[in-house]
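Chain naming follows the written order as A, B, C, D and E, and within any one chain the residues start at number 1.
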Amino acid sequence: MNPLLAVFRRDLLQAWRRRADWLTTFFFFVIVVSLFPLGVGPEPAMLRTIAPGILWVAALLAAMLSLPRVFESDFADGALEQLLLSPEPLPLLVLSKTTAHWLLSGVPLALMAPVLGLQFGLDVEAVRVLFWSLLLGTPCLSLIGVVGAALTLGVRGGGVLIALLVLPLYIPVLIFGAGAVETVATGTGAAGHLSLLGACLCIALPLAPWGASAALRVALE
Amino acid sequence: MNPLLAVFRRDLLQAWRRRADWLTTFFFFVIVVSLFPLGVGPEPAMLRTIAPGILWVAALLAAMLSLPRVFESDFADGALEQLLLSPEPLPLLVLSKTTAHWLLSGVPLALMAPVLGLQFGLDVEAVRVLFWSLLLGTPCLSLIGVVGAALTLGVRGGGVLIALLVLPLYIPVLIFGAGAVETVATGTGAAGHLSLLGACLCIALPLAPWGASAALRVALE
Amino acid sequence: MNWFKFSSPQTFYPLAGRLIPVFWVLAVVLAVAGLYIGFFVAPTDFQQGDAYRIIFIHVPAAWMSMFIYLVMAGWAALGLVLNTRLSSMMASALAPTGALMTFIALWTGSFWGRPTWGTWWVWDARLTSELILLFLYIGFMALHASIDEPRRADKAAAILAIVGVVNVPIIYFSVKWWNTLHQGASVSLTRAPSMATTMLLGMLVMAIAFWMYSIAAALSRVRSIILERERNSAWIGQLQESR
Amino acid sequence: MLEVRDLACWRGDQCLFDGLDVRLGAGEVLWIEGANGSGKTSLMRILCGLSPPERGEIRWKGRTLREGRDTLLHDLMYLGHLNALKDDLTVAENLDFHASILELPRDGRLVGEAIEAVGLTSRQDLPVRVLSQGQRRRAALARLWLATDRPLWILDEPFAALDTASVDSLSDLVASHVERGHVVVLSTHQEVPLPVSRTRRLRLDALSR
Amino acid sequence: MLEVRDLACWRGDQCLFDGLDVRLGAGEVLWIEGANGSGKTSLMRILCGLSPPERGEIRWKGRTLREGRDTLLHDLMYLGHLNALKDDLTVAENLDFHASILELPRDGRLVGEAIEAVGLTSRQDLPVRVLSQGQRRRAALARLWLATDRPLWILDEPFAALDTASVDSLSDLVASHVERGHVVVLSTHQEVPLPVSRTRRLRLDALSR
């Protein structure tokens, strides 16, 4: 089997063995979203206005929470050394890990978000845009995230340091994503915001794997 | 030195060596709170209404994020086995770890929250209540949290499973905490909510260390 | 009669096998009767019209969701303290039924909320605490599923169940402690019920039907758990041979 | 001192040992041998009370683990496969912590001597993270020099990763410990110089089917 | 095949070795010896190109690591202190994964044979989590049986935690590997039966000051 495929397959297989793991990324998302009305109060009109923001922030947090797992176990048990010594180019291997991460953390969020959106009283059009914005936005989150994950590898205080590095970079994605959903209420059309999300993806796709693999080499030195 | 003190001191010492770690729990709190105006939009009146909820939810998430660290490294490197074999009663040792966790994650949040509250336009009285509610609420979060941390130790998918177990139990604390701050705006007086928070603490204080140590024994079996 | 005899899976297994059909029959009969009373005998409500008839499913399910949790936590605690295998198996057999009941209560409740409150969902204390209950059930099952060794899984999940018991009184008393949209208890042992007798009758019959169903479902599940966990023991081998 | 009666241990579907009987008097070493996976670690963890046996009884000074858990915890020094060292703390800080939680005698001088005994004096103020594999093991072993008063040592492959000089000094320590009438249970795959007359060997493979 | 010229390595304020020169021809074993912390692991990681040396040059088949990184990666099989096994995957799945990323020949039969060679056939479908210390090491070593075509093996304490039978079978494998004209660099603290005539010993302590 091709090494890229092998990495991808192994990550999925491991996730399958640890089903609880990615199922709970997903539950985390659901729970965080459900917490807000509790804290903020139950007026439907207000909840409807803040819904896109809350859903997107929760997606950001959920994606971020699952980041440390991307390299951590490989680092701790020495498998990362072996990946670095693979004849295959490292950025491609990283890309294949990133894809697995997205499939396991991003896609479920995009699928669940519409249901939660309905609970907050969003209308069908807004929910549709929410879905597409998440489907475009979550790969960016994964790509930016793995760079952060690689940079904080084996660093004292990694787990939370990652939040500090990654969240600021997530901000544009958040603004375009939540913005896209909000346009539906204001009636200005979501296409602009969605294409900006697409642009983020196009920038992150070639850069992130390269950055992450440079960071990995440094981490193992 | 007394074993309880030794555990406490070691946890603080380790945190000091890994300053980045707990500093970033704190930064995480600040960043999450700052993300909301970006996602939700900048109207001051609305921000003021949702501020208590957002601050409290962010505090919840920050406290939760730092949970896996409580036992994980001790578990991985075998120090937990040694704690279990200490002649000192395990619940007390757990309590001393919990105190360290609170000091490192809860107290900084309580200190920082007033500043953020002012930024959201809360008035001084509300900020004062916010501070006290957090000071009473965060120990509950730590106590409930360590039970979750102990339960998910060495479990497949621990990291995020913890969120699933712990966040639902956090909800009452959130409701009373955010509720206390909201009473200031409605003018009904925060004492009732604060004493409910106190009651939560009184329930959690004897139960949680016991539950956590039972869970630790099970985890190491 | 020696009750402890039935605390071993080996003796419990055939007993459960004999009891299950009885409970199933009772469940079906009572459910049919209850639904008949609910939908054909009970009068239309002058305020809510026919929408109120959801009560015949909603309330029994809500009761069961809380009650099953208590029973489950009780079994789990027993398993933790006495280290009896069967108690822990009972606890894990009850969890899915409890989660189902909670889900039904939530589902029918929000279905009911649409015509009466004008919204599917509000974040009031009772609704929220019921939602927490669902999460607790899911947490129990998830924790159990993510530990391979059954005995460790039992113990860990038991601790969680015990800790979560705190939530049940909160659900029950939430309508009293906070003034909420959800209505307070109208069935109580200490004073006369505040609803029509036929309605009450229908609700009680449905409640018993839900009981019977829960027992039947839990017993069948515990049988399959026993088969799975004890697959290497001698008596299961004999059981298979005797088939 | 240590009595094991009819002990059984199952892992998964497999019996590691069954009907294990051992009686260990004062001043004896029990060397547990066996191929990889024969159950040495499992046995030692059961002896410490960390995991429950499937069946059987363990008595320390005549009392079962259940009754006498406190006595056992005051008498025991256990060293597992893992070193129980915090990467961020220095060798000295780590040792000090372990001495505290195990309620071993500790003051600066004793800790310093223990570190010297394992030859890490020049490394004592470095964080454990930078130490080599063998140096970590030695840092973990330093605890033994503080625990010379504990009558029961249970050591799981203490010699792994050590260089020859360290192997010798550790086996001297074990020998002097049993000479003072204490009990040592250990496992190792290497041939190490133990006091032959006082050493009882237990082969685990023989018991499992 | 492998040439090391004037190599130096510092860690912290301390020189682990300096002016290290080694030339290793086809069919030779380099046994790196030295006390704990003398720099064996550091040297091997430098040889793999995982960490940069302070000074000096390494050539494999006449080309420096920088020029010939690709050749080296296709020729190298490195095994570190850590086992690089995923706790949740089975032994077979782990081995299969490693064979893939290292582009070793792999099909079910070969993987099965490798697992049999390390005596884990009965364990091959268990998650690595439940294996004993020595069984894990053996699962990691199984890679070597798939990598018999790789001309350069770098093995960091491959014998640690192994029982005696496994030690013998591994040293046989090393012997047969060098017989076929390949090169093996390894470190170990135990005395193991290596093919004496082909073994060069390198003591690291001697070089450091």
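Everything that follows uses one rule, which is that contacts are C-beta pairs under 8 Å (C-beta built on N, C-alpha and C of every residue); 3 or more make two chains touch, one makes a residue touch a chain.
Because the structure is predicted, anything quoted here is derived from the model rather than measured.
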| item | value |
| --- | --- |
| Chain connectivity with chain D absent, coordinates unchanged | one piece |
| Interchain contact steps from chain C to chain D (minimum; 1 if touching) | 2 |
| Among all chain pairs, the one with the most C-beta contacts | A-B |
| Chain located farthest away, centre of chain D as origin (C-alpha) | C |
| Chain whose average C-alpha position is farthest from chain B's own | E |
| Gap in Å, rounded to a whole number, between the CA centres of chain E and chain A | 37 |
| For chain C paired with chain E, centre-to-centre distance based on mean C-alpha positions, whole Å | 58 |
| Euclidean distance of C-alpha centroids - chain B vs chain E, Å | 46 |
| Sequence positions of chain D contacting 2 or more other chains | 81, 88 |
| Where chain B touches two or more other chains, by residue | 17-18, 76, 155-157, 161, 164, 167-168, 171, 175, 221 |
| Multi-partner residues of chain C (each touching 2 or more other chains) | 128, 135, 138, 142, 146, 148 |
| Chain B-facing residues of chain C, complex | 80, 125, 128-129, 132, 135-136, 138-139, 142-143, 146-149, 151-152, 155-156, 159-160, 162-164, 166-167, 170 |
| Chain B to chain A touching residues, read off their complex | 17-25, 27-28, 31-32, 35-36, 38-41, 46, 49-50, 52-54, 56-57, 60-61, 65-66, 68-69, 76, 155-157, 159-161, 163-164, 167-168, 171, 174-175, 178, 182 |
| Of chain E, residues touching chain A in the complex | 48, 50-52, 70, 73-74, 76, 78, 80-89, 93, 96-98, 100-103, 106, 127 |
| Touch list for chain A against partner chain E, complex | 1-3, 5-7, 10, 13-14, 17-18, 73, 76-79, 81-88, 93, 220-221 |
| For the chain B and chain C complex, residues of the former touching the latter | 147, 151-152, 155-158, 161, 164-165, 167-169, 171-172, 175, 203, 207, 211, 214-215, 218-219, 221 |
